[in-house]
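Listed below are the structures to be examined.
Both complexes shown next keep chain A, but they swap its partner, so chain B is in the first and chain C is in the second.
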Partner chain A sequence: MTDRKTITRKILLALAVCAVLLFCLFPFVQILSTSLKHQFDWGNPSLIPIKFNLEAYKELLGITKAEEPVVPETVKALLDNPLLTEEKKEEILNRYRSTGDIFPYPRYFLNSLLLSASAASVSLLLAVFGAYSFSRLRFKGRKIVQRGVLFTYMIGGVMLMVPLYQLGVKTGLAKSTWGSLLSLLLIYIIQTLPVSLYMLGNYFRSIPYSIEEAAVMDGCSRLGVIYLVILPLSAPMLMTVFIYCFIIAWNDYLFASIFLKQFHDFYTIPLGLQSLFVSKNAIWDRIMSASVLTLVPVLLCFSFAMRHLTGGLSEGGLKE
Partner chain B sequence: MSSEITIAQRESRLGWKLVAPCIGVIGLLIIYPIIYNLYLSFFDVRLTGERLFIGLANYERLLRDSGFYDSLLTTSIYLVGSIAGSTVLGLSVALLMNQRFPFRNLVRAIILLPYFAPVISVVFGWQFIFDPVNGIYNHFVVETIGLTDNRYNLIGDPRTALLVVILFDIWKHFPISYLLIISKLQSINRDQYEAAAMDGCGPVGRFFHVTLPEIYFVLGTLIILRLVWNLNKFEEVFLLAPNVRTLPVFTYYTAFTGIIDQGFAASIAVVQFIFLSFLVFVYVKKVLKW
Partner chain C sequence: MANLKLRNISKSFGDIEVLHNINMEAKEREFVVLVGPSGCGKTTTLRLIAGLEDASSGEVIINDRVVNMVEPHHRNIAMVFQNYALYPHKNVKENIIFSLKRTGAPKELIDTRLEKASRLLELQDLLHRKPAQLSGGQKQRVAMGRAIVRDADLFLFDEPLSNLDAKLRHQMRSEIRRVHREYGTTSIYVTHDQLEAMTLGDRVVVMRDGRIEQQGSPMDIYLKPSNIFVATFIGAPSMNMLDARLFRDYVELEGRKIPLGKRIEEDLIRIPGEGKEVKLGIRPDFFQDEHYSDGRTTLSRIEDVKIDLVEPLGFDIEIDSKVGTQPLKARLDIRTSVKEGENINLCFDMDRAHFFDINTEENLFVLPLKP
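Take a look at the complex of A and B:
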């Protein structure tokens, strides 16, 4: 009797776990599957491609050579003219190359990587000192600073987009390429700074005072304490906060679309993918392989830092 | 005695010095823009930066704008649906993962994937699933179980697209609810369950008498925080279904597309800011004693 009961229980448990796994993983499997399919295969519900297609990946990573331009005979004759300079020849050839089809994924990837990594670094650097200050030092106004951090931590980008854009226009930054990139970098810093302050503040508070006191006894200054005691102790947390900030900047579409619209060379991945998606038809394989390529580095990062990350998250860092 | 004061003073001075750069950056690029936004909402603002004072006209227009009310309704449905869904699913999965079974740690890690995956790398996959021509959803509904005769573009229609957005949000965010709930569940003392069992409580009774009171606080925190985050959500909604006009998407359209009216957009942002401040106030008063 009890045996049968435990067996039914086990089966139900297994079914429920499988259902949860299916729900979590299905979209990922679908993305991977479509990225490997040929166009004729897209409508096929089977997740295993009839014939594997790696062209989309090759194209995105720039492994496929650019096609030689198809030039009409008459023009070829013209090109043989020795009076033509090399420059002119290139110019004529370029007219027959279709440049509209190229999707510079590595470039977008690099733009995103540089912007996100620099924003996360600056934000982390500022936050280490700020968070140390209001979590460990006593001063008048500390409570207000703490409350202020919590409040700004909950302000969404949408509420800042109009004034920040207007400020960009007023200061003239939004007109030039580098000005726009700088604005974007500053925006990513402020989008991530309150989170970093909040997460690090919570973490620093959990480090026992006695360790610090021992260092002070040995003649360490406060800054020395931060550098020699606090930073080494919180290395995993610093990594977590960095990844967290990185992801916030990496995900941003809103501000990139506002500031970088006319600077195609500096598109970030979300902006580039979205504009590819709305501008062309029948590109599911490319869109999906770009998705996979965007996903893989992040997943690697997370599998590496998973343990610390989940700990940090459940301690109250939750910004999205 | 006097050296005691100097130590305190020195600490205070150092405290301000260390936090000053953060305050400067936050003040200049968050606090000031919020005030500037309020100021702009009283103007007719052009993209080029020119502006004309018009008093409360933007707010009067907002109160008469049917698009605004539609957007409030959409936002409410989105908030209720996504938060109820992700909390219930998160709680169920947390209870499930609290059981013993093989490969439990691996499964626990896999569950977190949707949360950690960048939005941009998964939205198009979701679009594909619901694609009217190739998507597996339409294949399943039309060909496999024959629920309807025609393939239907779920994301093309704003009403059904809202459902897809809610489902996507649940998929993306239930892992964080699960994570916070399970870390609380694991801290519940086994003795309490045994005591409840002695009193004659079944599994359901134990859930209501022991588990629920213990995680009550976590659930409250989760719901308020999710309200705050989802009220701010832009990418998840806009990239998946641009026709679902929640407040942030509505503001974005007003400020940067079509007939551009940044002053009007600023006034919508002010309204959203008021909602948000209220939520944060509740959070600080009821949940957090920081």
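Take a look at the complex of A and C:
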């Protein structure tokens, strides 16, 4: 009797899990499927393309060259004018090659990667020291600082968007490319720091203090303790925090859209995607393949993180 | 090798003073045991020596140098923690040589020290294991190894055996003794186990409520406890404390008049008044069954002790009994054939009995050994 009950329960559980999975994964499957379909296939509700089409991917990754611009006949006639300099000709042609047509995926990818990785690295570095001081040191105002940091997390980005940009303009940072990038970097760091501090702080607290004291007795200074004991023991959590920060920066559209609006060369992927969506070249397979290519690093990050998230590194050194 | 002095050490956590004016000393090569019940401040004292806590007042002096302001990692002290505190991410070898590597010791030195320590502690086969793969006793040995490879001035042990089972504890106790004999490093050892204190210490410091109650050699403390607390804390089973009245040449216990020995008679001059109420303290081990006493006529007797419980322990027999209404424990010769419910006459040497003041709880005949 009980056996049958457990079997039924197991089946029900499996069905429920499948339903949830299906619900969560469907949009992704849809994206992948559309990115691989030919134009004639778009209306087809089947998830499996009738004919696989990798053109969009090739184009995005720069494997095939973009076609020559289609120039109307009248303009062509204009171009034949011998009085026109080569420079002018090129300028006219460029109008038909509007940047919206091209989606330089590798460039955007590199922009996003560099920006996200640097933001995540700096945020992690600051979080290590901040979280250590919150979890181990006793100083006046510790609680207030600790809560204050979390407080900044409560205010949504949209509310801060305008003041932050104004700040950027006032300080003159928003004028230059590098200044804008720096502002963006700072924003990402500040945005991710509260949660990083919180996550790392809690993890540090779970490391028994006596291990640190043992290291001190073995001749380590405070910094030595952090470097030689705390960091190796926190490797899984450091990885998690890094990935968290990375993904926040990687996915950000809001701040990038205001600070990088005028600097096309420094567009990040979400910004590029958005400009692709609104360009006249917004073809479904391109949009979707760009989305897939944007998702891939995030998925890679997660699968990598999962492998390292086994935790429990500090087990075994103590008698509980 | 170093000597250690604590001078007028006090320590408060917030408003609560946990150590009151501690004065103690460990000479070179000495093994000093701090013993006392939980919360008596012995671990705090140890942490003060290590530098893991700061004294509120007073001085910690190592090798005639005040080290209050010296950071723990500059004090050259090795410490064995109660919970071992091994580095979980390092294997046994890395754990042991961690401190040597920190000081940049040459590889040959590291190798010889590691070799010696692992041989002494029988860790040769475990060097590449992680702490999680070790048993409690092995972890404890690694923690010891971590301390002994260093050329430390002082070894501090914070209840290192309290997490082990009885048999292992016994084994590790001898091991610690052996390590100390081999290295001779001045050691401070904290424990709540009076047996460890007795067996390990060259000198024992008994603490209670943040004060030192008595310090001296283990036998001094066992034979001449300065007050009721020390008398009952040291020694197992603990000393019998019987309500009695002290007269010039006898002591009255539940209506029985027991003549005093010679030494006590001489000491009596210090006691004012006749018929003073006292606590008579006699260790259970010092009793003998009248039939099997060694025949000395100088022995005093407590007659008609009623036996409640007989517990044979192998080598000897422990009895729970009553003198009048007062409970009395005695450890008797294995030959004693007493039964529960019977009466027995117990003999003891009056010179080994103690008289404690019922108000101050001080031992009336032992000059307090407190400094």
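To be clear about the criterion, the second predicted complex is superposed on the first by the 252 of 320 C-alpha atoms of A that agree within 3 Å, B and C clash if a C-alpha of one lies under 4 Å from a C-alpha of the other, contacts with A are read in each partner's own complex, and residues count from 1 in each chain.
As a convention for this text, a residue touches a chain if its C-beta (ideal position, glycine included) is under 8 Å from a C-beta of that chain, and two chains touch if they have at least 3 such contacts.
On a predicted model such as this, the values are computed, not experimentally measured, just so you know.
Peer 1: On chain A, which partner's contacts cover more residues, chain B's or chain C's?
Peer 2: B
Peer 1: Report for A:Phe52: first if it touches chain B alone, second if chain C alone, otherwise both or neither.
Peer 2: neither
Peer 1: Per the contact definition in the header, classify A:Tyr253: touching chain B only (first), chain C only (second), both, or neither.
Peer 2: It touches chain B, and chain C stays clear.
Peer 1: Once chain A of both complexes is superposed, is A:Leu233 in touch with chain B (first), chain C (second), both, or neither?
Peer 2: Second partner only.
Peer 1: Which holds for A:Trp178: it touches chain B only (first), chain C only (second), both, or neither?
Peer 2: neither
Peer 1: Report, in rising order, the residues of chain A that make contact with chain B in one complex and with chain C in the other.
Peer 2: Residues common to the chain A contacts of chain C and of chain B are 313-314, 318-320, listed in rising order.
Peer 1: With touch defined as at the start, can you tell me which chain A residues reach chain B in the complex?
Peer 2: The contact residues of chain A facing chain B are 13-14, 16-17, 20-21, 23-25, 27-28, 30-31, 34, 42-43, 45, 126-127, 129-130, 132-134, 137-142, 145-152, 154-167, 169-170, 186-187, 189-190, 193-194, 197, 222, 247, 250-254, 257-258, 269-270, 273-274, 277, 284, 287-288, 291-292, 294-295, 298-299, 302-303, 306, 310, 313-314, 318-320.
Peer 1: Give every residue of chain C touching chain A within the complex, in rising order.
Peer 2: Residue list for chain C touching chain A: 50, 52, 71-73, 77-79, 81-89, 98-99, 102-103, 130-134, 136, 139, 146, 150, 163.
Peer 1: Where on chain A does chain C make contact in their complex?
Peer 2: The touching residues are 208, 210-211, 213-221, 224, 229, 232-233, 313-320.
Peer 1: Give the list of chain B residues in touch with chain A in this complex.
Peer 2: So the residues of chain B in touch with chain A come to 8, 11-19, 21-23, 25-26, 29-31, 33-34, 36-37, 40, 45, 47-49, 93, 96, 99, 101, 107, 109-114, 116-122, 124-126, 128-129, 131, 133-134, 136, 139-140, 171, 173, 175-176, 179-180, 183, 225, 228-229, 231-235, 238-239, 247-248, 251-252, 255-256, 262, 265-266, 269, 272-273, 276, 279-280, 283-284, 288, 290.
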